[in-house]
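Chain naming follows the written order as A, B, C and D, and within any one chain the residues start at number 1.
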Amino acid sequence: MGNSRRKETATLLVSCPDQQGLVAKIANFIYSNGGNIIHADHHTDSEAGLFLSRIEWQLDGFNLPKHLINDAFGAIALPLKAQWQLHFSENIPRLAIWVSKQDHCLYDLLWRIRAKELKAEVALIISNHPDLAPVAQHFGIEYHHIPITKENKSDQEAKEIAILKKANIDLVILAKYMQVLSPQFIEQIPNIINIHHSFLPAFVGARPYHQAYSRGVKIIGATGHYVTQDLDAGPIIEQDVVRISHRDTVADLIRKGKDLEKIVLSRAVRLHLQQRVLVYGNKTVVFG
Amino acid sequence: MGNSRRKETATLLVSCPDQQGLVAKIANFIYSNGGNIIHADHHTDSEAGLFLSRIEWQLDGFNLPKHLINDAFGAIALPLKAQWQLHFSENIPRLAIWVSKQDHCLYDLLWRIRAKELKAEVALIISNHPDLAPVAQHFGIEYHHIPITKENKSDQEAKEIAILKKANIDLVILAKYMQVLSPQFIEQIPNIINIHHSFLPAFVGARPYHQAYSRGVKIIGATGHYVTQDLDAGPIIEQDVVRISHRDTVADLIRKGKDLEKIVLSRAVRLHLQQRVLVYGNKTVVFG
Amino acid sequence: MGNSRRKETATLLVSCPDQQGLVAKIANFIYSNGGNIIHADHHTDSEAGLFLSRIEWQLDGFNLPKHLINDAFGAIALPLKAQWQLHFSENIPRLAIWVSKQDHCLYDLLWRIRAKELKAEVALIISNHPDLAPVAQHFGIEYHHIPITKENKSDQEAKEIAILKKANIDLVILAKYMQVLSPQFIEQIPNIINIHHSFLPAFVGARPYHQAYSRGVKIIGATGHYVTQDLDAGPIIEQDVVRISHRDTVADLIRKGKDLEKIVLSRAVRLHLQQRVLVYGNKTVVFG
Amino acid sequence: MGNSRRKETATLLVSCPDQQGLVAKIANFIYSNGGNIIHADHHTDSEAGLFLSRIEWQLDGFNLPKHLINDAFGAIALPLKAQWQLHFSENIPRLAIWVSKQDHCLYDLLWRIRAKELKAEVALIISNHPDLAPVAQHFGIEYHHIPITKENKSDQEAKEIAILKKANIDLVILAKYMQVLSPQFIEQIPNIINIHHSFLPAFVGARPYHQAYSRGVKIIGATGHYVTQDLDAGPIIEQDVVRISHRDTVADLIRKGKDLEKIVLSRAVRLHLQQRVLVYGNKTVVFG
């Protein structure tokens, strides 16, 4: 392991059927090429018979040129029947943020990215409303106002997909978008993170704070998850909660929830951007 | 207000349609009779148009004899259309604890009562299994083994109700009873507190830890609630949560959950025993 | 109690030596003048022999004109040897925010005030550095750059006090000001809230995150408190914590701490602005 | 990695100066001998230039007999200048629990061990008071009443050390022992875990709940740590907190604190027993 986290690194996320020698084989691949591992974490889901691993090493001194690493690792992965993703720390992920009218998550994300808490570039913001254009402008980000109605939904989504592809977007963040994306959209865009304003699976669907108020719960939560075809049922990345009491009105729940939403969404995005999340089935491994 | 919490006190829990002068009328009732208020907390649910209040005062120096207080307050309550409960701190509530095979909540409750953390007397323990009789014996409590089958359920429950009535039980605690009580039972026993091993309303029904594991949540919880005809939907008194990760197996969830169950159940029981819980509709006010 | 929290209200914060009839006397004052109490909470510190109370009522229908309430209550307070503060909800408090170079708390406070989470007006921002002028400008707030050196400190503070008095400031917020105010300044400005980036009283003084890292704690915190002559020892309004691990560097602690600082400071300010905090000795009562 | 956590495993805790190839070398040692890694976690403290690792593998199918593993690994460790500990899951650690008069942590530990939450054997209990002998008896554990006075302290501690050595104790747990051990004792007994009833480093020394009450903090905590010569300053294993308010008396703090103490102490002991804690300097790495 090395002494600086600043130098360029490569990260492998690997999953494969469980078998002997996996840690050794992956570590050897890196060591034999002169790499210096700075993070390695492994998990076995013994029920699923799966080995899941994250390994990060410094490229300084690594013998393989970057463009050959993927194929070289493929030669090791093939006999292991492994799936893997390879990332380089110098590739700054490009984000698109989807918003409606609420600005708290948008401000929060843009502030964190500008403050370099999150290592990413916001390429554009898309909204079905014009309201948040001034926020985009303050942070110098392109803002696309694309109003969605029942009638124009598939056309407008096609337009959005074209914008995303043209801009080489790596990750879409639904920062309180408050709309359901079509199955076609979800199919074409691989990485979408949403913030749901409840402690899923409690209070799926609309108006979760009103539901929580009616039920009289003593704690509310928020959930950061990947978007899948199954509404509110995608793999969960992060959750957090806050205590409430009978004194809290629905408006108080919404206010307290906003703080949760900001923190949970930004943590989920951060974990994704650091390649710390591995999805398998409908669950995630979040490497520490 | 007074300077000692040790002296005998009376507590009123009052709910009535919201109107002017409620705090003054209740406080005057106590002050004009020479009472010294040591706790007073009020809540208005403006949506429901309800005023809810808890007021506790020292009986030392109070001019009304204890047996007349209820009627005297009734004269004030009637024109306010108020419902109320009156409690005296020297009346030690009598508990019946229901268990199955798991002993963690039972040990916890019996320890707290012996340590005087909870001011109550455990009159008896009822179980559908014989397993926990030695725990009862260690703490010197009567243990009734009443096995329940589909066929004998209504007969056995009738027997249980007879035991409860004979023993003047004020509160039944389901300390991981793991069985559903019949509607007839619930109708006849007014105060039943249950610990549900999930963060309700997530994971209602059976095997909530298995459900939580399958869903891949990052936090699990427990819920202390009053039992009503509607399974797992009774008014919630207290909830708490603990963080889990992909490393936790179902067995780990169960282990971590046990600590939650103990703490949440004992807090709910404590709040009830201190007359801090007022149920209205399907919700609770928990006075601080 | 009434049915709307939107109408104008008056709030009394009262502390006096404990004695009988206090709740009744205060409630009667309001009821007899036609007031409708919407919040009342009382606390007795029996060790200190003190009664502390917060009571809020609607002015709609109240018989006393606003300008006479203070004197009218004074007639009741005098024989009780009570101290009290009277506030009207339509008086919007005027704030001055002190910053250095860090912008996270400033953004957070300005966003919350604009979003009406906090009911207050930011009259001006003062800083010993010019860095955050653009943030002030974005939110349309006056920004005073007043550099402080050892040599000019007392002169510059005199200038600041003049600005505060001219602007009729009700509350000064140190939003990561990172400088020590002189005793003379603190003496002249009654309400100053500071955010300390540790779980006080752990890690008083400089660089608390570095201290926390060196000590190897597993949880870090932040503390919102009133500023007194005794550095880092003022009455605590609010605290919160977040879990850390050996993987977290000092930079990670600082990043995680920023989220705490924002939330704890804004909660402390909110509690103060809602007249929910009563200081006595070096402690606070925070009314729920 | 393997499919069962039940089979016998070996665990290595390794620390050494950071250098390339460490993960590969350790993993190869296990793989080349036919071992199946079921947990591996590594950490680099780049400031200290240290690599710290925990690796656990199944012995089923491992080519080296157990009694040769230590020396075989030594041949790898020597050139790496590594320090290491080797544990086998079938070696059940032997505990001695130190108590005074408070029984909550003792009940809690003994219950967890009997319930197999903690994999250990309690060989004996030592106390300076006779009070908890009945608890020991209920769980069938040997109880030594060894009263300590200023005059007899070194003699009695010598007696205690003799008992510990004779009983082959691996770990001493101070379960609210409330006494300071002498430097001589600490020097001779390598593994001692204490529960301190505060959120260290806040409120070191005596009566932390009284200190917390006086300071008016809004959150209290507990700390599980290794005992070192420097009182209350040993390496921290685990901490947790609970929220309090002005309504809580010192007695309430003590009551709420007891729940924390039980949970934090048992978590610290569990982490130690699972060889998840590596001490370096005055800090710990706690492997997930």
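Going forward, a residue touches a chain if its C-beta (ideal position, glycine included) is under 8 Å from a C-beta of that chain, and two chains touch if they have at least 3 such contacts.
Everything quoted here is computed from the prediction, not taken from an experiment.
Peer 1: Computing the C-alpha centre of each chain, which chain sits at the greatest distance from subunit B?
Peer 2: Relative to subunit B, the chain whose C-alpha centre sits farthest away is A.
Peer 1: More contacting C-beta pairs: A-D or B-D?
Peer 2: More C-beta contacts join the chains of A-D.
Peer 1: What is the distance in Å between the mean C-alpha positions of subunit A and subunit B?
Peer 2: 42
Peer 1: Could you please state the distance in Å, as a whole number, between where the Cα atoms of subunit A are centred and where those of subunit D are centred?
Peer 2: Computed from C-alpha means, the inter-chain centre distance equals 36 Å.
Peer 1: Can you list every residue of subunit A that touches 2 or more other chains, as numbers and ranges?
Peer 2: 245, 247, 288
Peer 1: By the document's touch definition, which label belongs to this structure's chain graph: line, ring, star, complete, or other?
Peer 2: It is complete, because no pair of chains fails to touch.
Peer 1: Which residues, counting only subunit D, touch subunit A once they are in their complex?
Peer 2: 1-5, 18-25, 27-28, 30-32, 34-42, 44, 46, 49, 51, 243, 288
Peer 1: Help me check something: in the complex, which residues belonging to subunit C touch subunit A?
Peer 2: Residues of subunit C touching subunit A: 5, 103-104, 107, 111, 115, 117, 138, 245, 247, 255, 259, 263, 288.
Peer 1: Applying the document's contact rule, which stretches of subunit C touch subunit D when the two form their complex?
Peer 2: Residue positions touching the partner: 43, 45, 199-203, 215-219, 221, 235-241, 245-247, 282-286, 288.
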